[in-house]
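Right, one structure below, let's go through it.
Chain nomenclature is as follows: A, B, C, D, E and F, assigned in order of appearance, with residue numbering initiated at 1 for each chain independently.
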Amino acid sequence: MKYVDEYRDGELAQGLAAAIAKEARPERRYHFMEFCGGHTHAISRYGVTDLLPANVRMIHGPGCPVCVLPIGRVDQAIRLALKHNVILCTYGDCLRVPASDGLSLLKAKARGGDIRMVYSSADALKLAQENPEKQVVFFAIGFETTTPPTAVAIKQAKAMGLKNFSVLCCHVLTPSAISNILESPEVRKLGTVPLDGFIGPAHVSTIIGSRPYEFFAEEYRKPVVIAGFEPLDVMQAIRMLVRQVNEGRAEVENEFSRAVSREGNLKAQNLVAEVFELRRAFEWRGLHTVPYSALRIRGGFAEFDAEQRFGEDYVSVPDHKACECGAILRGVKRPQDCKLFGTVCTPENPVGSCMVSSEGACAAHYTYGRFRELPA
Amino acid sequence: MCLAIPAKIVELLPDDQARIDLGGVRKEVSLALVEDVAVGDYVIIHVGYALTKLDPEEAAKTLALFAELDDEARAAAMAQA
Amino acid sequence: MKQNYIRPLDLKHGRVDMSHGSGGRAMAQLIDELFAPLLGNDYLAQGNDGSVMPLPDGPGRLVMATDAHVVSPLFFPGGDIGCLSVHGTINDVAVMGAKPLYLSASFILEEGFALADLKRIVESMAAAAKEAGVPVVTGDTKVVEQGKGDGVFISTTGVGWLPAGIELSGNRAAAGDAILVSGPIGDHGMAIMSQRESLAFESPIVSDTAALHGLVADLLASGVQVKVLRDPTRGGLGTTLNEIARQSGVGMMLQEARIPVQPAVAAACEFLGLDPLYCACEGRLIAIVAGEDKDKALAALQAHPQGTGAAIVGSVHEDPHHFVQMTTGFGGKRIVDWLTGEQLPRIC
Amino acid sequence: MKQNYIRPLDLKHGRVDMSHGSGGRAMAQLIDELFAPLLGNDYLAQGNDGSVMPLPDGPGRLVMATDAHVVSPLFFPGGDIGCLSVHGTINDVAVMGAKPLYLSASFILEEGFALADLKRIVESMAAAAKEAGVPVVTGDTKVVEQGKGDGVFISTTGVGWLPAGIELSGNRAAAGDAILVSGPIGDHGMAIMSQRESLAFESPIVSDTAALHGLVADLLASGVQVKVLRDPTRGGLGTTLNEIARQSGVGMMLQEARIPVQPAVAAACEFLGLDPLYCACEGRLIAIVAGEDKDKALAALQAHPQGTGAAIVGSVHEDPHHFVQMTTGFGGKRIVDWLTGEQLPRIC
Amino acid sequence: MKYVDEYRDGELAQGLAAAIAKEARPERRYHFMEFCGGHTHAISRYGVTDLLPANVRMIHGPGCPVCVLPIGRVDQAIRLALKHNVILCTYGDCLRVPASDGLSLLKAKARGGDIRMVYSSADALKLAQENPEKQVVFFAIGFETTTPPTAVAIKQAKAMGLKNFSVLCCHVLTPSAISNILESPEVRKLGTVPLDGFIGPAHVSTIIGSRPYEFFAEEYRKPVVIAGFEPLDVMQAIRMLVRQVNEGRAEVENEFSRAVSREGNLKAQNLVAEVFELRRAFEWRGLHTVPYSALRIRGGFAEFDAEQRFGEDYVSVPDHKACECGAILRGVKRPQDCKLFGTVCTPENPVGSCMVSSEGACAAHYTYGRFRELPA
Amino acid sequence: MCLAIPAKIVELLPDDQARIDLGGVRKEVSLALVEDVAVGDYVIIHVGYALTKLDPEEAAKTLALFAELDDEARAAAMAQA
């Protein structure tokens, strides 16, 4: 696979590992947050940690759309399926996210909900065309990468005059989440979360471009390196971050220049702006209610807004008491710091959402990395 | 969730669709989010949509950077392997 | 035996969900906490794909294995539920080292199913049985109302004959053993995936479905000290090795670079965010053999037409946690865990 | 073998309908025109509930039988799908004269099925297997999406051991033989019927589901010349006797007055316009024995707790048309034909 | 079973058989038509023929509601199920009646139609209550016995205000069918069907009483004996008919006096009159279009009339060319006179409706009696 | 299709329903078509509805008629049996 295999080369990895080891100053520690679940996954899946020196530590950020989904949003989707008898379509990872009453979409399906996994927003649209007698709701989650395809689907539904298609819009915004972390007391005041720099999103950045990160670099004096999701991309970004730290710089650099420009994808941006508008506030798991951090469907497309169509309002639900997802998503704790990790909370019986997606910090650590903590 | 993968456009189809190829696997995707793509271009595919074109020159440059190691690092790498 | 799941099944209010059939840890839990204790007997407790039992007469033993086939779609590149239901069960008998002798088949037909499709399926079943030399000697047919079945389900049971002296079991892997696979993994799972309505893609991938008793016989005849044989079906190589690691109480270390995966399978996995380690095979063999015999085993496999793509992919070591680990192609290390939930649609 | 249906199956445009699973002529046609010719081998051609096959070693033979259980409702007076799936298959092995040794079980679970119900079913299965002394040695579990199954389907396969010298088969009935049943007929079918949502009635009827190998062993040990044994399940006594008449190429004459039917079963049949001759049993034996041994056979059956209600119900004679006829209690004569279509809901 | 077993006694049967044999004059033949399928079934099921002298012959009449149902009526029901996606409920025997295009309700079910067997019209009503999102149609067939329960269901549906229940009314009238036979050229003019008397309906008569038959006895000079459906009832009725013939009488006699009065069930008659009115004409299989021979739903209950609700009109469809059902229903031919009998036409693959219900002349003969024709 | 069977009323139920018994089998039926039935009465049941009451005296009379054979017929019957 061109543009894939080259970026996973084991020999180049050894070289990069050596370079990082050499450039990282032994007297100090480096703490970098990879914002995206995609990076978290690559690090775990390819064992990148084994190639980093001990004084370079990666902190998992809140960039997993499944992980930041609050319980109340899944509850809303379940109510649509079980109470309003809609065909509820969603991307696969959402199915196992724990919701209230011991349910999840998967378990709601086992209770008779017509819940379908789709590969694309276009598939949800197709389902609506094929089932004219049923209401079809697309449970739309995701960051800026995933938002434009939802916008396209809504526009097409309008063009086709579909009366049975709507979207439960839970699209969220990356820059708001980064701000929230940088503004958090642990980072800004207490300093309990040392944060020397960010690996910036790969695919989100193809849409929004690199410019939005410039504010963070300047305002908070944190280096940002936008990186692809392949393991060599991640290592190269780490190397670039080490260099910036060593050199006292705090700039936005773009390791993923083969796909990311400063401006991003203007066509996609325009489509999103046409269909969506900012929500005044949105609850994130772990980050609580974050102002202007998510999108809602504009008035002109109100008929495609499932919240309006079915009058199922969002009801906030507290997380499981012992679950540390919130702290983990803010980089304050690590999965292994949670008492439930690996005992009560496992991928089969996730308590928190971080144990669901393989991009979630807890799941990634459990599935790929937990051997590191155990005595051999 | 932001899973996306570079694939090659092998055929332009009606309705802003295209057939792409990745390692022998072919699939129809939407071009609604991109402009000016041609057969032979690589695009990044996410949930059935092409998000952006891939720039081959930048790709080559990045690859070159990976290998830009000074001699000392290279020696260390050899020792480790 | 170490449990890899902690919270017990909710036998009061719980319900079956798709993950209980995925071949992963949820299914293992259902078997360990519900089926095994209730039906408990020494044969079932062997925990293998087929069970070995004595007969009233003679030193030979009987091997018995069963599989319900609920694959969707019924027809897929490289096969259909008919031949699959023959191969799937023959293989479970064969991996015990037995010579498969006879098959039974029970059909659950959904009202409205086209007789022409049923005919194609039974033809394919007959051809597979004939090629394998294992006749379907008895059967049963039931019809359920529309909406209470899915076209056709086929449960097959196979019996085989295990000569004295052959002892294979999932609990016989030991530190120092080598792990081999007979060919590229994940073809069957991906051939099915490519047909899923919502995922549909074009690819050259065809199912590897095949009966493996010939390959097994050759391997056993080669004089190699074989410890465990198994076919990595539901849950794929990753889950199957975890099962064996748990049964044997050992750890394993795989070399990602040595695991054969066809390019198209790898590409389809990239598209869908899946891992070929968890994609099912229906015509591949995992062989765990004494470390000293590994090259001989590789040669024996490669000498058979079904084993030309065979490879040594890892080794067994001691590990109280029974982890299956892997050195990635990238140079790092990671766990290869049990499959969680449902990676694949219904594939066998 | 005379065909009792004339128009061939429409293998081009036809579809499976409920009658293909009813146990009647439509099902026999499906087997004769689709399954048997395609899968064709000598064992299947025996046309019995279980098949008899040689083993590589020794004079003993293997008997193998399979049944898919799709009963609805899953729990019924006197039993449930769990014990039924054990009895149903043991009986098919037992009626070949074999000692049932081992069972396999394959479960097809519908997403959403309550684990508590599954547990009850497996408990019942385990208890039945234990009581019968026939362990479930291997199994398989699949999960299908809601609306693609019906709670749980269980396919069981049984193997048994047939000592040299015992030769029972549906084609061994001959003129002069006597026909016996081991007890009142139709209890199982009516116990199920009483639970049907649309028919629901209250009655003291409980299913007769039971494993018959003990009764069979006693009958065989009595020295009676046994020709055919069979359990009149789907299609009931009427259809089962027609099958045997066709296989053996004989006619039969029944005495309606001698056929044991419990009063409540007879009453329920009156209500629903059904005939007890076509109501299933799951714990009754049909025995066809040499005419001269009929009283000895009756005594042997009646001496066993499961045979206290046994009766001699008819005799075998020559008839090129293979009619099963009956002298009615009223004094007239009539045919007892194959069951047409679907007399009963899903009962096994 | 009290009032059942006594009427099936084999010893009494021998006595009655002897009495009939004695009373029947050897020099003449007696031809009696049992109008009802219930009698046909009893005769075959109990082997009554074996107990009658050779010169007493029973002719099967058109009194099987399944047999007289023309193809077009089943087609109508199938269209409701497949085209209008209703839940179509019907009594069990209707399921296998051959319709156009090689279909039957059973085969339409296998093609996805939601077709349910019910035991009672009340069950159909219950289905409508339980499935408010679906239209439920009760395919109502039957003679006067079965009509009152349909009337009750329609009245209840109206009382409950059900909006999703309707009835495809195919209820037919016994006296019209008897008239039709008596008026047929074969009986009236040609005399090719010798008819010395009728066994009158059992359960139909519990509703309509014995009075309606008086007209036939008087006008056509045919004796009528109303008889129960148990075999002794039938034999006793035959004995009574033999006596009337011998004595030159043509009266209505009532063997089933334990359940039938001269007036019948007035409550049921009133209910039927309230809900139904006469159809100007109705097509019967075998008898063609018979004027005033069936019922339709009155205007006041029009909303429960499936024909009106779905606008699915009746379309007449000719029977299979070689099928002799028509002639058999008129008593002109016997099943074994049909070329298709037992070869092309069997209960598994019925060509005509007489091969469907066990009350049908062809099915009864095939299932119970065909050994009589074959050389031993 | 006009299948109907005499059964005994064993319990009167609300909504014009009754429980009947036939040889130990019990079922709920509608009394909407009959009047003045009491527990102990026999009614003829068809598709879940009682069609009419059964008259025990007439039933006995009919049974008696069956047996009303002259001596000759009886003798013939014996000979035949």
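One rule holds in what follows: contacts are C-beta pairs under 8 Å (C-beta built on N, C-alpha and C of every residue); 3 or more make two chains touch, one makes a residue touch a chain.
As the structure is a computational prediction, the values presented were derived from the model and not from experiment.
After Cα superposition, the angle needed to carry chain C onto chain D is 180 degrees, rounded to a multiple of 5. Taking the mean of C-alpha positions as each chain's centre, the chain lying farthest from the centre of chain F is B.
Just count the C-beta contacts per chain pair and the biggest one is C-D.
Put simply, the C-alpha centre of chain B and that of chain C have 35 angstrom between them.
The distance from the centre of chain C to the centre of chain F, each centre being the mean of the chain's C-alpha atoms, comes to 63 Å. Per-chain CA centroids place chain E at a distance of 21 Å from chain F.
In chain D, the residues touching two or more other chains are 13, 15-19, 111-112, 263, 266-267, 270. Residue positions of chain E touching 2 or more other chains: 1, 4, 9, 14, 17, 109-111, 119, 123.
Contact of a single residue of chain F with at least two other chains is seen at positions 3, 5, 22-23. Pairwise, the chains that make contact are A-B, A-C, A-D, B-C, C-D, C-E, D-E, D-F, E-F.
Chain contact summary for the complex, chain D toward chain A: residues 111-112, 146. The residues of chain B lying in touch with chain C in their complex are 3, 5, 22-27, 45. Residue ranges on chain A touching chain B, taken from their complex, read 1-4, 6-7, 9, 11-12, 14-19, 21-22, 36-38, 63-66, 91, 93, 119-123, 141-143, 145-146, 148-149, 152, 201-204, 206-207, 229, 232-233, 236, 255-260, 265, 267-268, 271, 357, 359. Of all the residues in chain C, the ones that touch chain B in their complex are 194, 200-205, 263-264, 266-268, 270-271, 273.
On the chain E side of its complex with chain D, the touching residues are 1, 4, 8-10, 13-14, 17, 44-51, 95-96, 102, 106-107, 109-111, 116-119, 123, 231, 342-344, 346-349, 363, 366-371, 374, 376.
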